[in-house]
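Several structures are given next for inspection.
In the two complexes below, subunit A is the common chain; its partner is subunit B in one and subunit C in the other.
Our next item is the complex of A and B:
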């Protein structure tokens, strides 16, 4: 479908970021109750239980009822908390998640400019040049929210939950950023739109050129490292030690009630959506169709479909695997994923070097200047 | 820089959304504070002292190791963007750099800093 640039007095090219703002906000905020419902139904199905079935048909209105309940619930402010930090913490959890969602391109629209040229414009709130780095920076801000919530609550369980969480998140962030770096290597760009565009096309007309299938299996290894790290990053089962309810009450949000608790809850689901969105865009071709003959399905449906697949994997893993012990968690992060990610990274670099035609070695200094000025130029553009 | 404008707007909307929800909930919810209700919840027993005291030093060790490797990752990103102009030379140099840090990881591993007791 090709849209003309001017629909009445509206300039579509200028309006697209604002449409994207509405779409992303609506998607994240409206989907969270839906996700909670889906999760409860699927987990009940896997564990052979009934699941929600009281409010509305098939319990469909259960999450909405829960939301309304939280909204009207008394907000208890414990006497011994550090008030300012206590109120700041939930905001620090959800705002970075929402802001990171703004950098993920979820589709592409073709627009016929006034000059007659048809140009593909990505549907993204902010098409920044260093997209993936920007998202990484924002998602690592979330750990502040969790550790501050644990500290400000002035509750021993919350403190332990917050500390556990911060140690876990920083441990897995290393493996995650190195795995993302492998994807950056394959596409030679930090811009997520370029990364998705690079994954268009098919080998033998049938196997999609997604990053997960690239570089003789190395892409798949990096993808698996990323998927494990992203589960740990969002504190989801089997890595949900910060909120291990059987040993820590509820971890860092024990002292939070009413809407403040709801904001933590939404933040967790919003960051699940964000990391799944990165996985989709970085490894599984974003809006690129799986097979060439399925290209008639619009890009945003592909994107949301892949996103929901990751959400389903999250739920499946949660229903299947028991929680890890803390020492096993740390040794998985530091002794297995981190060395593995480093090795994969250098194998990808070596393969890439051997694939590209070699250049004459010499005048490294001049080239160094060129590279430095290019990197600086990229970030200023 | 222009591509960051929608970002700032989006973040502002995010802040506004949270502020408005918290504010609106304030008008509709009951408020009946009570010293028993406001006590720290530690499964029933009366809390002894506050929670702002010592905790396991091991968390600091992991934080230190994290800083080292995070700075390394910060170096690797520009390298990944520019390395095509250098080819094998850049790869070998970076392997040497990461190997030096890797020695640090091996040292921490051997000294059992990565064990959690």
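Our next item is the complex of A and C:
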């Protein structure tokens, strides 16, 4: 569908970022209750039980009812907490998750400019030229919320949960950043819109040129590393050690009640959406259709469809796998994922160098290792 | 006023005048329980931690002490059966069984074969149900949430069988001194057959879900190892003992209630870790199913109770036309039975280990002393041994693997 630039007095090009803001906010905030419902229904399906079915049709309004209930619950402030930090922590969890959504392009609209040229405009709040870096910076901020919540709660279980979380997120951020770097190498850009655009087109007219299929299987390996690391980043099963119910009661949010608890809860789901959004945009071609003959389906449906696939994987994994132990989590992160990511990055850089003859051989490899050492240096600081 | 280092390191006395060790700076003491999701009830474990590594784990118990043993001295022998249900509430029939065997030992009677076989069927079905509760909660503690719902779904079918027999799902009190409260209802055998035919498929389903799962293996293998010698000295029994490679099962070692009529194997472990104990209970569920199957096939006809009106009340029909029956009925429900003076200890193989009742009779219709040997209580003593040097996450795996029921520990 091609939209003219001026609909009445409205300049569509100028308005699109605002529409995107509304879409992202509404998407994240409205989808979170929906996600909770989806998760409960799907988990119930896997576990051979009914799941929510009392409030509304098929229990659809259950999450809303839970939200209302949480809203009216007493907001308990435990004795001897560090008040400032205690109140700040939930904010630090949800704000980065929402802000990170700003750099994820979720669709594209074609606009016929007044000059007659048809220009595709991405639906994204801020088309940042270092979009990926921006998102990485924000998602790593989230861990502060968890650590501070654990610290401020004046509760030993919360403290252990917070400590676990900081160790976990730092360890997996390395592998995640290196995997993302592979994607950046494939597309030669840090801008997510460029990255998605780069993934258009098909080999033999049928295999999409998504990053996951690029570079002779290296893209797939990097994707798997990213998917594992993103699960760990969002503290979801089987990496849900910070809030391991059977060990730490509820981990970092044990002492939180009412809306503050709800905000932690929403923050977790919002960051799930964000990392799944990155996965979609970076590896699975964002709004690009799977097959050329399916191009008639609008881009945003493709985007949401792919994103929901990741959410389903999240839920499936949660219902199936036991929880990892702390030391195994660390050894998986440092001894398996990180070396694997480094090797993949090196190979991706090598392949990239060989494919781009204009560049002197080795410059890309050197760049890759510079970038890698920057990432590691950043995390070790 | 800030404490100086000398004050921190000298032993101090608490309010009760008990000497408490000074806590070093690097140590953290946390209370796991009594309100904690994975202590399986109200167990409190005081953990001394160095980071996440456990230096010392001290279980504290007694939060649900109900005084059942003392209460048993104020009930007639028949009425005390209902108290035993409340001890290990996930395998109530086996408690009934152990208590009943002790009373029967005092009385010197044994029920007819049909009664014994029906007891075996009830007990083995309860053993499977108990192991299902164990598997579900153990897996839930380790994070495999789905297992909990699978096992509880299937346990429901076994509880339905108990309900069909006794009218109660969890507290049947159906095994009583002298036999059973009544014969199996019509259609019971067929229904049990139907349920146990389905079971192997369920067991396979559980094993597919976690048996080969690398995370499950990593969480359970090499964790909570205990050597046979330590088991002997701590009095550990049941699957926890067999996990350490000791093929000791009272159903074979000292057969009761015609267990010697059935063919079954005693699964034993090799390393004595959490995984071995898990494998043993999984194998035991299959073995129990075999026993039930054999018992159903060879279920003898005839009465289920001993033919002694001083022990077993007369059937309802007789009350309508026999004065003698009415008198017996009245006497047994008001006064109870009178075992001869003496003492008896009857151990059985419970789902958690050696479950024994010790009764002392002074010739009256009330026991002079009633005491239970609770397997969970003995097995729990191994907890601190198993936990030393492990992580917090291992504590929940270990608690799960020794399968404790707090109702039995605190009594």
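In this text, the second predicted complex is superposed on the first by the 357 of 381 C-alpha atoms of A that agree within 3 Å, B and C clash if a C-alpha of one lies under 4 Å from a C-alpha of the other, contacts with A are read in each partner's own complex, and residues count from 1 in each chain.
Please note the rule applied: a contact is a pair of C-beta atoms (placed from the backbone, for glycine too) under 8 Å apart; a residue touches a chain by one contact, two chains touch by 3 or more.
Quick caveat: nothing in here was measured; it's all calculated off a predicted structure.
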item: Partner chain(s) touched by A:115 [first = subunit B, second = subunit C, both, neither]; value: neither
item: Subunit B versus subunit C, judged by how many residues of subunit A each one touches; value: B
item: Which superposed partner A:355 touches (first subunit B, second subunit C, both, neither); value: neither
item: Touched partner set for A:249, first subunit B, second subunit C, both or neither; value: both
item: Touching partner for A:318 - first (subunit B), second (subunit C), both, neither; value: second
item: Contacts of A:326 with subunit B and subunit C, given as first, second, both or neither; value: both
item: First (subunit B), second (subunit C), both or neither touched by A:238; value: second
item: Touching partner for A:157 - first (subunit B), second (subunit C), both, neither; value: both
item: Footprint overlap on subunit A, where subunit B in one structure and subunit C in the other make contact; value: 156-157, 160, 249, 326-327
item: Residue numbers on subunit A that touch subunit C, as the complex places them; value: 43, 46-49, 156-157, 160, 164, 237-238, 240-241, 244-249, 318-328
item: List of subunit B residues in touch with subunit A within their complex; value: 3-7, 9-11, 13-15, 17-18, 21-22, 24-26, 28-33, 35, 37-43, 47, 50-52, 55-56, 59, 62-63, 65-66, 69-70, 73, 76-78, 80-89, 91, 94-95, 98, 102, 105, 109, 114-117
item: Touching residues (chain side subunit A, partner subunit B) in the complex; value: 17-18, 20-21, 24-25, 29, 71-80, 90-91, 94-95, 98-99, 102-103, 125-129, 133, 151, 153-160, 163, 166-167, 170-171, 173-174, 177-178, 181, 184-185, 188, 190, 249, 254-255, 258-260, 263, 326-327, 330-331, 334-335, 338-339, 342, 345-346, 349-350, 352-353, 356, 358-359, 361, 364, 367, 370-372, 374-375, 378
item: Residue numbers on subunit C that touch subunit A, as the complex places them; value: 28, 30, 36-38, 52, 139-146, 149-150, 153, 209-210, 213, 215-216, 218-219, 391-396
